[in-house]
Every structure is written in C-alpha cells, then in structure tokens.
Amino acid sequence: MTTTTNPDLASESAAPVRGQRWLVSLRALLRNPAHTAGLIIFILFLLIAIFGPMLAPYGVNEQIVEDARQAPSAAHWFGTDRLGRDVFSRVLLGARDIFSLAGLGTLVAVLVGTSLGLLSGYRGGLFDELLMRFFDSLLSLPALLLALLLLGTLGPSRQSVLLVIIVVYIPIVARVVRSVVLSVKTRGYIEAARVQGESSARILFREILPAVLPALAVEAALRFSYAIFLASSLGFLGVGVQPPSPDWGLMVKEARDNVSQTPWALWFPAGAISILVIAVNLLADGLKTLFRVED
Amino acid sequence: MAVPLLQLKDLSVAYRSRRGALRAVRDLSLEIAKGQTYGLVGESGSGKTTLALAVLNYLGKDGYIESGQVLFEGADMAALDEAGLRALWQGGMAHVPQNPFTALNPSMRIGEQVAEAIALNSEIDAPEIETRVLDLLAQVRLPDPARVARAYPHEISGGQQQRVIIAIALGRQPSLLVLDEPTTALDVTTEAVVLDLLRELVRDRDTAALYVSHNLGVVAGLTDRVAVLYASELVEDAPTKELYRQPLHPYTRGLLDSVPRLGQRKDVKPLQGIEGQIPSLTDLPSGCLFAPRCPLAIDQCWEERPPLDHPTPDRRVRCHRWPEILAGEVDAGRDAVEPIQVEDYQPETILTVEQLDVQYPIQRSLADVLAGEPARYVQVVDQLDLRIRSRETLGVVGESGSGKSSLARALIGLVAAEGGEVELLGVQLPARLDARSTETLAHLQMVFQNPEEALNPYLTIAESLRRPLRNLRGMSYAEAQAMVPQLLESVRLPAEYARRLPGQLSGGEKQRVAIARAFATHPDLLLADEPVSALDVSVQANILNLLAELQNEHDTAMLFIAHDIAVVGYLADRIAVMYLGQLMQQGPAEIIFDPPYHPYTEALLSAVPPPDPFVKQEHIRLSGEVPSAADPPSGCPFHTRCPRFLGDICVEQEPPWRETQDGKAIYCHIPIEELQAAQSPVLRFNGEGD
Amino acid sequence: MTTHSIFGRALNTALPAILLLGLVLSACGGAAPAEGTLRVAFQPLVQTDPATISSDTEVFVANAVYDYLVDVDPDSNVVPRLATEWDINDDGLTYTFPLAEGVSFHDGSALTAEDVVWTFDRLRDPDNGYPTADLYANITGIEATGELEVTFTLDQTNPFFLYDLSDNHALVMSSDTEDPSDFNGTGPFVVESYSPEDRILLTANDDYFVDGQPQLATVEVIFFSDENAMVDALRGGQVDLVMRMSTPLFESLQGVDGITTYNIPTGGFDLVRLRADREPGNDPRVIQAMKLATDRAAILELVQQGYGAVGNDSPIGPIFDAYHDDGVQAPERDVEAARALLAEAGYEDGLDLTIHVPNSGGRPDLAAVLQDQWADAGINLEISVEPEEVYYGENGWLEVDLGITGWGARPYPQLYLDTMLVSGAVWNESHFSDEEFDALAALAGSTLDDQERIDAYSQIQQLLAERGPVIIPYHFPQFAAIRDGFTGFQLEAFAGRTDVHTIGTE
Amino acid sequence: MARYILRRLAFLALTLVLTSLLIFVITQLLPGDVCRVILGREVGEAASQACRAELRLDDPALVRYGDWLSGFLRGDMGLSYSTDAEIGPLVAERLGNSLMLAGFTLAIAVPLATGLGALAALNEGKWLDNLISVFSLAVVGLPEFVTGIVLIELLAFRVGLPANSSIRPGTGFFEALPSLILPALTATLVLLAYIARLTRAGVLEELKQPYVRTAALKGLPRWVVILRHVLRNALAPTITVVAISFGWLISGLVVIENVFNYPGLGRLMVFAISRRDLPLLQGVAMVTVLAFALANLGADLLYAALNPRIRVGE
C-alpha cells in the first residue's frame, strides 16, 4: 500500500532563486533516465531538422538510376527507394518537414489557443460561451476528419497541412488553458493582485500565464506528438504534403507499394516517426512530473 | 509491573527521498499503559504524524523503521507478517485520521464501510452485522443511524463523518486508538461534541489512546500524559497537569505562551511567540535542535545535543538548562514583547455598512440539475449593518458558513454585494472592485487567509511588493524598488528576501510579506481574513503582534476576522459574533467573556478547549448541524440549535437588538436581565495570574 | 503461375462486313448453368448512366449489365454483339446492322431497333452535352429500317466508324428509359444490389441471348480506394481479381502461389505538355530543350521499373504496330544542347516553371524524375501535386502552362489526334495549333486508303517528335492478377472493357 | 433526470446545427465543380449545366442550407449528389458497421488496457510496471498505418486472418467477427497505451487517498482493498476517455478503414469529401456528432452511477 505524501515532510521545499530555476528544472528532468533520453532524442531530431541539409550525403530528390532499389549499404546507409533516392538523406531532410509542420503548427496553435483560452477563462460571459460552443462543434468531429474536410477546401499543400494542424489544435489548447485559468483565477494571489489595482492584461499575462505554463508545456509536447501523427497520417492518405517532399508519412505511403522490394524505404521513415513520437511523449512525461501537472 | 500496552524503544523512522534518508522521528522512547490517554504535541514538521503511522506500522512504501522497536503488548511489530499485521489492525489498534472526508471512500455507502470493519473478525450473519452497524452509529451519537448507514460520505456533515470514522475504529474494539488530529478539520462547536464523545468512549471502554495534536487546548482537556515533539525529537514528556503547570523545556514554554487564552489582550498581556521557525529535516543544527530559537540558549546548547534527562521519575526533558528552569533561576518567558498600547481612537466612523446582502448562486450538483432544480442562491450575508471607527479593530468571529469571509470579500469588492451600501470615508463604494477608484483601493486593503496562496509563486518578493506602490501610489519603478527594503524591514524580514520567490519562504514569512504589501499603500482600513489560521501556533503569535504594531504605526483601522474567539479577543477593540450571515452580538472586546451573552456566544465560549487543565468551563453543547444558508431558518437564525430556545416566538419573529449599559448589543428574544440571571461566566480561571 | 504477355497484333482496320463472328459465339451452345462467384476489386463506382461513365469500374459494370452494338476483342478486332453482322455501302457512308433475335431487357421488354436509335440519338445530341457528341457529329441519320435492323448514315467517310460505335458509352438502353441509372440493360448480368461506395453485386442473366454466357453465377465488385488494400485482399484471398495496381505491387505478386498475373502493353501514356500558345512554350527552342533534357530510358526504368515501352512523343505508340514508325525517335538526351537552346531563347540563367500533376498513378513520380533530370539543363521545376478530381474538375489541366496528364488506352490512334492535338480540339491541353499537322490528321481520319493513312501517321510522328509541345516518355502496360480457379479471363488494354461474361470457374 | 437529458439534447441540437453550418460553409469553399467531379472530365458544358440544375447548385447558398436543414429536421437526409442513393439508409448501414468495429475494439481494449494499467500501478517501480511502461511507450509511437501494415504482414499472410475487411452489407456481428479482428487490433494498439497510462495514474492517485489507508487499517486483505475500494474510484475517469475514444472509433478510423477497406463511416466520409458530395458529407457528420454526443451522455450517466457525489436523481 502506498502513502507517498507525508505530512511531516510537507515543508521541505527550497525553490531556487529565479534565473537558476530553469537550470534546476533541467537538472530535475535529467534525474530520470527515460526523460533524459526523451530530451536528448528530441534535441537530436531538432538539430537534424536544422542542420539536415548539411549532413545529408545526397539531395532530397537526387536520383541515381543505377542505384535504384538498393538495400542498405555503406554508400546508402538506409538503402535507396524506387526512384534511386538515398533514403538516409531523405529521412534526415524529412525532419525539417516534421518540425516545420507539426512543430510550427503546434507552436502557433499553442500561442493562439493560449490567448483565446486565457481570455475566455478570465473574461467568462457571452464571449466564453460562444467560443466554447464553437469549439464544441469543431471538436465534435474527429480531428482527422476535420483535417480532411479542410484539406479538401484548401487543397493539399504544406501550407494547408500547417493551417489544418493549427485549426484542429487551437480549440484543444484553448480548452486546456481555459480550465487552468478557471482554477487559478480564484487563487488568493490573483485576488490580491486585483485588490492592488492590477490591470486585467497584467493579471492575465503576468499573474495567470506563469501558472498556466506548466500544463501548457505538457500539452504542447503531447500536441506535438499528435501533430506528428496527424501530419504523417495525412501524408499517408495522400492528402497532405505532396511528393517529392521527404515527409515521413508520405515516404511510408510511397514505399508501401514497394514494401516487398524496398522494405527499408518504409521502415526507416516509419521508425523515425515512432522514435520522435516516443521521445516527445517521454519529454511530456518528464514535464508532467517536473511541474506536477495532473492528467 | 505489567507489560505496557505500547512500547516504543529508541525508535527512529525515516523516509527514502531523492536527497537520501530523511529521519522524521529519532531515538524516541515512549510507553502507553492500558487505558491511558497519551497526548503527543508538536507543530507541523515535528514528526508526530509519522510517529502515529509508525505505531500502526503503516508507513507507506517510502517510510521505514530505521532503528529501535515498536512493541505492542510486548510483541515486536516488525516481526509480524502481513497476516499478523492485519490481525492486529482488525483487533488491536485503530486509527482515526485528521480529515474525515478523504478518509471515507466517496463511492461507498457508510453502512458498508462500517460493516467491513466488523464483519472481518467475527463469524456473524448479515442481519447481525446490520444491527451492529446501526448500534455503532448510535454509539457515536449519530442521529438517525439508519439514514446515515444508507448515505454516502458527501451527504453528511464533517462532524458526522468524523463520528463515522470513530465508529469504524470502535467497531473492532481496539485496545489502542491512534488519533491523529481528529478534530482539526472541524468547527469549534462540533469539535467540542466530538471531543466529548472521545473522552467518554475512552473512559467507558478502558481503551488506551495516543492523541496527536498541535492544539494545546485539546490535549490539556483529554490526556493523562503529554509528550512534546520538536523537529523529530521528543523534547519533553510529563503528566499533563505538571507539564502545563511548569513546563521545563523552553519550547514547551514557548508554545504555551504563544497561544492566547480566552480574555487575554494585547494591551495587557502580549503573546510571546517563538522567533524563527522549525528547522528543515535535511538541515538540522548539530547541537540542541531548538537552540536557534531558544531565548535561553548558551554556548553549550549550540555544540552539544542535550540528553533526555529525568528531572523527576515521572518527567523527561531534553534541555541543558532544565535544572535552572526548575529552580526558577531563569525564565524562558520572553520579556521582549511590550504590551501593545492602544491609544484612544477618535470616535469618527470611517466605514459604514448598511443592509449588506451577499448571495452566491448554488453550484448545482449534477443530481440537482437532473432533478430540474431551479437555480438557487445562498444568502451568505443577510441585511448586515456594521460600523468601524477610525483606528479601531473590529473583530468578527464565527464558524465556517457564518459568512464572515464573504463579508470581507464583499467589502473589498471581490464579491459584488447584491444589496446594501458601503461607505468608506464618506464615499459610497461601488459594489464591484473593478469599478472602484485607485484611491479607494489604496484606502482599503486586505490580508488573505492562506499565505501559501497570497503570493504569486512565480513573482519575486520584490515584484509583489512593488506592485501596490506602482499601481496605487503612482511610484516609478525605481522609487518602488527603493521602498522594498523598507517594507521588508517593517515586517522584520531581511532585505535580501527581495530577490526570493515565495517558494523559498516559510508560511509565516509569506504572511509577513502579504502584510507588508497590504500596508504599503498606508490603508485607512485593513481587512484581515483569518490571517493566522493556517500558521503554526509559535508563528501565529508573532504575526498577531506584528499586525497590531503596524496598525498603530499607520493609524489604520482593521476588520479582523477569525474563527478562534480567543485570537479575536486578543486583538480586537470591539467584537462581533456572526452566525448564518447575521450578527448575533457585538460590543467592546473586554466584556465579551462576561455574561450576559447571546446563547450562541455562550456556546462558542464553552466549546473552546482552553490550553490549561485547571480551567473550569461550563458545559454547553449545540445539537444538530448548522442549517443550510440556502434555506435559512425563519425568525431567529439560531433557533434550531439554541439551548435557550423559548418557543414559537424564536421561530416566527426576528429578534430585537437588546443593549446593555456597557455597550454590548445582543440579538435575542430573551431580555438582557433574564440572560444575565441565567448565565454564569463560562470560564473560571483557577491558575491565572502568574 | 504464368505471366501472359500479349504483344500487340496487327490492327486490321480494313475489315468490313466480311467477318462473320456471330458463328464463333453461337458455336459455344449447350447451356450449362452459371456457377461460381468472382470477386473483383475496383475503385468506387460513381456514374451509373452509361452516357457519362468513364472509370474502369463504371465501364466494367456497364459492360456486364448492358450490351454494345458491336464489340472490340482483346486483339482490337471489331466483333458483333447485339448486331449479328454489318453491311457497309460502297461509298462507305451507310452502315446497316441486323440485330440478334430474342434479346430482352432485364425488365422483360424485348430489344428493338428503336432502342438502338434512341440510344445513339441520345448520345449524339449536342444539347445533352455528352462526351460522345463530337464523336458522333459525323452521323447524319440513324433509322430503324426494320423491327431488328438499324441503319446509320455518315456525312464523311470514317475508317474507324465501327470502333466509334463500340465507344465505352455506346451501350444500348431501352427507349422507355426514364432513369438512365436504372441498370435496365440487356447484358449478361443483372444488378442484384448496389451499395454505393461499397460494392455492387451482379447475378447471371439467365435469359441472356448468347448461349453459354454468362458462366459465373455472381460477380461481386468490391470497391477499394487504395490499391495496396486491393492487393492485400487478393493475397489474403478476399478478392479474386485485381486489374489496377502500381508496378511495384505487380512485382510483389510475382511468385505468389495461387495467383496469376497479366501484363499487356497498351497505347495509354502519361503526357507531359507545355502550352504552345504563350511564353515560354511559344518558343519552339524551349520545347526542343525540354525534349533534349529528358532521359526517357531512365524514366521508364525508375517510374515504370522497366515495364511498358519508351515513347517517341507521339500518341501513336508501338501497340498500333500498323501505324507506329520505329524510325521516328525522340531526341537523345543532350543536356548541353538543351542549355544552349535555352540560352538562345533567352533563358541563360535557367527557366523556372511549375509542373502541375494529378495525384494518381506514377505521375507524381514522373514529375519527381523530371525535376531531377531537367535541373541539369537549368529548367527548375516546382512540383504541384493536385487531387485528380480538382485538377480535372476545375479544368486546370486545360489551363496550366506545364502539366502532366494521363491518357488511357484507345482502340485506334486517331482518337488521340482529334481530341488532343488538332487545332481547337476539345481537350487540346497544349493549345497546339499547326496547319500541317491538322491537314495530316484530317487526311488520316477520313481516307479509306490504308497506305495513305500509314504515311500520314508516320509524318505526324516525325512532326510531333520535332516540334510537338508534348513529351510522351512511355506507354504504360495494363496489369492484372487473378486467383487460380478461373477460366476465360482476357485482359483488355482498357481494363474496364474486360469481359466478365467469358470468365468461368474451373 | 429527464430534464437533464432534455437539456443535454438541446445542447446537442445546437452543436448539430453549428457543425452542419460549419461543414456547409467549408464545402461552399471546396474547389472542384461537383458536377465535373461527378460526370468526369469528358462531359461538355451542357451536361454539366443540366446536372447543376438538377442538383440546384445555382440556388443561393442560404436557400440550399435551409432546404437541407428543413429536410434533415423532417428526418430526410436527401440524396447523395454523386451516387444518387438515399443517404439515410446508406449512413445507417455504415453506422452499424462502425458500431460493430467500435464495440469490438472497446471490448478488447478496455479490459486489456485497464488491466495492464492497474497491474502497473500496483507494482509501481517494479519490473512488471517497467515492462508495461516500455510496452505502452513503444505502442504510443506506432502510427496506425504502420501497425496495420505490420499486422497484415504477420497475422494475415502468415496466420491466415482476413487481410481485408470489406464485409457485405447486412453482415451480422458474429459473421463479421473474423474480419473485425485486424482493424480492431490496430485500433486497440492506438488506444491501449492511452487508457493504460490513464488507469495507472488513476490507480496511483487513488492509492494515495486516505480512505485507502482507512480500509487497509480495518485489516482488510489487500485484494479487497484494491478491488472494492481503489479500482471503482480509479476507473471513473477512464470512462470519460472511453467515451471520447468512442467518437474517434465511430468515424475517425479513416486510416484503418482505408488500410483494411472496412466499410465504415470514416471511409464513407472521405469518399463524400473527395466527391464533393455535400449532402452525404452532412449526413455522415451529423451521425458522427450524434454518436459522439450520445456516447458522452452515456459516459456521464455511467460516471454518475459510479460516483455518488454526482449521483443521478436521488
């Protein structure tokens, strides 16, 4: 049986002085090997996304006719695909796609969703009611279907996928933020701030926002991992990013025809998706423990 | 001599943590005889709860007995296997925890939960079990046991829940009850009833009890012996009366001096708090653990850990200087605190409240919504009139649900009053905070109840202190920043705290910052809503004194709200007693403890357990529960529970305000003279005057 | 496991009425009861009105439910179907068709000449706007010249008229038809149930007028939106026949027990075309540079994995062996020459273009390969892949500068010329307008002199290879795979025209 | 009780109207002429005009929405643009299939996932917990399309389960069962980690509650404490998640239905989108929203039943 909270130890807390806080948070995160692994892999993928073009031995669409459909070898670490393109290079270059779609999409959705959630939660009233009803109807369709509907309108392109991720995740982020705001806004220190004549804007952004950040960080990480799935599912269904982009989902789709010929062209991008998603989930777990965010 | 029921031998208990083993109890020895009630007193962080759980051998997966033994009826509990331990829990000892609500399974009927406790160790059939359950519920004086048995925990009150917990404990007819702050979560009038119950049960059944509490009053009235714990160590252990008559450890003395007695006032006998705070378990001093806070500490105390001595065969104390204290050569009582002078206040009124109404919409439960209940409101403050004069302290006392906090929140504007008028310094205040002028905000400030929530954990102390200066006093950043050290100093905090975050401060320190922040705008009126109720007793006293001093310094009037009538009596010039959103009685503080009283005040005074085993106290208990404010009683709101209930008039008519010659006003149908004749002083102090 | 590779045979267009194939069919007599089920995987069916059908599925189902007046066999010979034979006047302008006797619609009514007249009048009426309107514009009259005899009169001679009568849409419907989607045909199968987007269930028409047909009791056409899933289902044994799959999927079925694969050449091709009526395509040097920048062999190897045939930039592919001129070759790849031509045309710093590609078949791959190849010559492509329904539905394919279009198999090459390349043709997506070409095409399309036509086609091939604003890098094959246990499966170049009524169980 | 449900249904009606409006607006913006998409690229202008007239596409948008809405309110979902079929029966048929798959998936996923989650929590920090954690983590990273491909390769081609799930209309549950296994397994793997982790967290949270200590200190055997006290409270939040998953299972299985060619609502909706078939799209969307909302309502009622603090109708 477990009782982890021990009342006698409740007062032991020595939060560091501001500025060192992030460092200490990082150190706390690094205490768990799984979370550390998540962080390292995430950073590794991020670096690949940034420096991929410098690292990739071949161009994204560079075709070597005589090397087409070759198994992994010293020359082509991950083999080549049906068009004679180097899978290793394409996987490296695809990282940028994922970050610029799922990553950027999540980021924008988090920014907009946070603003809406803050406003909606703090202001309440009709604005809140209307916004939430609108979000309800957006969320009453599964994300993938909403994405397909929007892509039908926008046409399949990188920009469309980006927009879809943003539109699909704004309501979700806004709701998470709103619920945190609702619980924070009755805290003593928010009331104290009001008593001391703080403006609404300052209360929102200086007093409430910091309390939202932990939940937001976890939510952003989770959203990112879902966005990776969403983007690659759209690629897989052929309505997302279009060829010859090295989008991992698209690579899996394209290699699926060839799975008996060039299985490596399927497994490496599929593996890249899995590893990144697992890493991001580990990171989210880490943030959750770190900030003691509840599910 | 027979084997003691429970014997702790050099017990050390530790928790595994990231920073290594944390020793929460060290080298503690204790014996409890059959039928004995043993008090265990300590502040938070003293290790008292850990000790209670160690006695039960239920320390969780991170806790373990590091050394020493727990012997129950002579047998080492560590040697018990799971079955043996279960057998022990089924019959030997039982636990009554602090918070009854979380201690009951929310999704299981009360009857089932009680039945579980009896069905295990006896071969009895279902109807028999049911009879026993109802019998047990009746034994703990639950009204309508059959209904309670069918109810879920959330459907009964906190006091009733605690009685259910006690019933569960008694169901197994234990020889030892481990009571861990069983009444802390309860209101004082409910607490009194539960304490009566415990007292009787222990006496009637010859059950031994280990009673863990921070409340010196509760322990004084209930126990045979008391052990005092400080930062994981036993510092003093004595028969109750001896301990209270002459505490030998400076910490024990400090604790006793920190608690206001009924009738104790700041201008006559100021409280003597203990400086500093309890050390962290990770960073204990090398000598006497109490040395950093001890007024009598000498060099030896800093260097050498004092042994646990036996001044008399019956007493133990862990202090180098006990012989001097015993001989009266030194006195641990602090003389640093001067009585706080109360100047004559000018009779001008600065706050007038008329016919104030505050309502909350009832958060309808799903069940209500399902039943199609219309939206309803709780009348938390009902047609209330109030006046506060310049530089005066008005104390408002009441139990939870009395509307005292709502009153403060309505005055400050955090809750918009539904009706009535509030006038501050001749200006009528808008109901909503947002509509109030900067000037008004500066004039009227507030200190909140929970220091843990009062400061934004993400802002530095300096930033928290700068904000009112910048917003309400129009200072520039530089000017405000320059004021910060001064503000910190005014609440006796070092200037370097400016750079800290709230998480690095103790509860008392946070409340000091909150007070500094409230005084930063030189308010004319300060609303203090239970500012010390979340703090340890040793810290409480200093905060109370600090409030009074700052108030004098700034010529500020104060509305001081508390549930503890002794605390209110200590600080206030005038006292108002609230019940169900209305005032029951008001008048000068000096005479509140003398008859005539409002029957509710009388019951309240009678319920407070005095931290003094020698006090004689009238025994007046309230029956029933506080009625719901959503459906308040007609006539006099107190009539449903009033021990001096007259009859239909109380039900049908609102009582008149009756005034005594010395300025006390009582809201009651019973004439002043009759009250005067019927009532005797609730408390008679035998040992007072040292 | 065998792979039937049926290479193109002589397309004998000079076969008039002398063929007497009715005999062949009726010889099969002796009605054995239909038995067995064939499960065919196809893309979802949308159009059910024969006048507007276009996809493989739609044509496949229509061909099973309705009958053509005349049919085209896998060897591209015109054969009788509802018409038992045909008679052509000496001037080549009047065609007379006697109809088979005892033919009835699924609703029980008998087939008459009026039904045929009604059907073709409907198809050729310009006010209806059906795809066949242009094709039949040459017809001046259709008459029922007997209870079971129909006569067509033409304005000009047309050597391919019998093929035109066997156009995919030319399924004979009842003249009483109120709802053209009611599946009331005379064909070998009756629609038992239709579950949109899911499947269509066909059962044998016991009263079918050809003895011994159909052989199968039921045909279940199951709809798939994904070719992989089709092939998975075939391998898993949940369908019996797949007639649409990518080259790698076809490869993956090689050597799988219990499955026979088919690979036949077709005249179908993917067309890379540049608009010739505006910059930069109005400069022939640009067109020439593109042709020079293209490595057709590499494209065939990468995009088609070697299946199919290299194209010579004309729609008259090797399958039309009577007309295809082996001597005409598209230019060899010469990157330097291409660069030089571009520089001459004023694009010495490179030419940036967007290539529009529908998202089907190997077309996105073709675009990717072109992007890599053309980059060497300084033509920088941005690839814009668009959903088929948008690219064709919005008529973008007729508008954009540079695009890739898929052209399916047709029974004779003139159709391509008349609809795709002649000045002002309906689907002249390259906006090609060349008087010499127009004259040659007109000649080939009307002369009854075979040699004259062969010569004209040869010149056309030469002309297109030189200056046609089109690149046809390859002609694709038609693949199919069927589970063992079926007989009589004869794959058509246009898979939808594969007859299901000849298939039986072993 | 009845009034509560009425209120929820009123909210649901509002959501339906909003969603249908949203879909209508989006489809108004969809590129590609419906008639061209339906008739193909070869038809002439006249046929296209006739088609537009028949579908009344040239009426003002608001009028068309009004017509659709009034039809819908009368229980008539109209005819599909592209297939001319009646939408009501078509959608009902697919809903049946989706419900079968969703039900079967939940029947596998919920006991499995909650079991694993509870097992992990009760063995917190031990090897079993770590094993389950690693397993669920690995599963978290698997996209449905990869899982589907792997399962077809392993269980269809090697073990002999149907690689393809295109069941006939009107197929009963038990007849369809073999076809349901692979898609349900794929969907289970998506849900598994999610529910298991939630259950684990829930059980750990409940284990910390003082009432567990009260129960243990009664001397109850450990399994009684777990089963009678902990699980019941810990599983309550899982129900909400299952309800949300239900919505996803009903119409969000686009990828899975695509890989296994299962005739569910998701596949039909994708078909409707690609064919610009607005009435069909609306029909599927309304059914989806309805199913999702009813699942949520059911979950709330069940949650209330498990949790007396919000007990329904005292």
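We just call them A, B, C and D in the order they show up, numbering each chain from 1.
In this section, contacts are C-beta pairs under 8 Å (C-beta built on N, C-alpha and C of every residue); 3 or more make two chains touch, one makes a residue touch a chain.
Because the structure is predicted, anything quoted here is derived from the model rather than measured.
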Chain whose average C-alpha position is farthest from chain B's own: C
Where chain C and chain D are represented by their mean Cα positions, the distance between them in whole Å: 41
Averaged-CA centre spacing for the pair chain D and chain A, given as whole angstrom: 23
Between chain D and chain B, distance of the C-alpha-averaged centres to the nearest whole Å: 51
Centre-of-Cα separation between chain C and chain B, whole angstrom: 90
Interface hub residues of chain C, defined as touching at least two other chains: 228, 387, 390
Multi-partner residues of chain B (each touching 2 or more other chains): 58, 61
Shared-contact residues (touching 2 or more other chains) in chain A: 1-4, 155, 256, 259
Chains that touch, pairwise: A-B, A-C, A-D, B-D, C-D
Interface residues, chain D side, partner chain B - complex: 1-4, 7, 124, 209-211, 213-222, 228-229, 232-233, 236, 300, 304, 306-314
Complex contact set, residues of chain B against chain D: 56, 58, 61, 82, 86-91, 94-95, 97, 99, 102-108, 113, 116-117, 120-121, 152, 154, 165, 168, 172, 365-367, 369-372
For the chain A and chain C complex, residues of the former touching the latter: 61-63, 65, 68, 82-84, 155-157, 238-239, 242-244, 256-261
Contact footprint of chain D on chain A as seen in their complex: 1-5, 133-134, 136-138, 140-145, 148-150, 152-153, 155, 225, 229, 232-233, 236-237, 249, 252-253, 256, 259, 266, 270, 273-278, 281-282, 294-295
Chain B-touching residues of chain A, taken from the complex the two chains share: 1-4, 6-18, 21, 31, 187-198, 206-207, 210-211
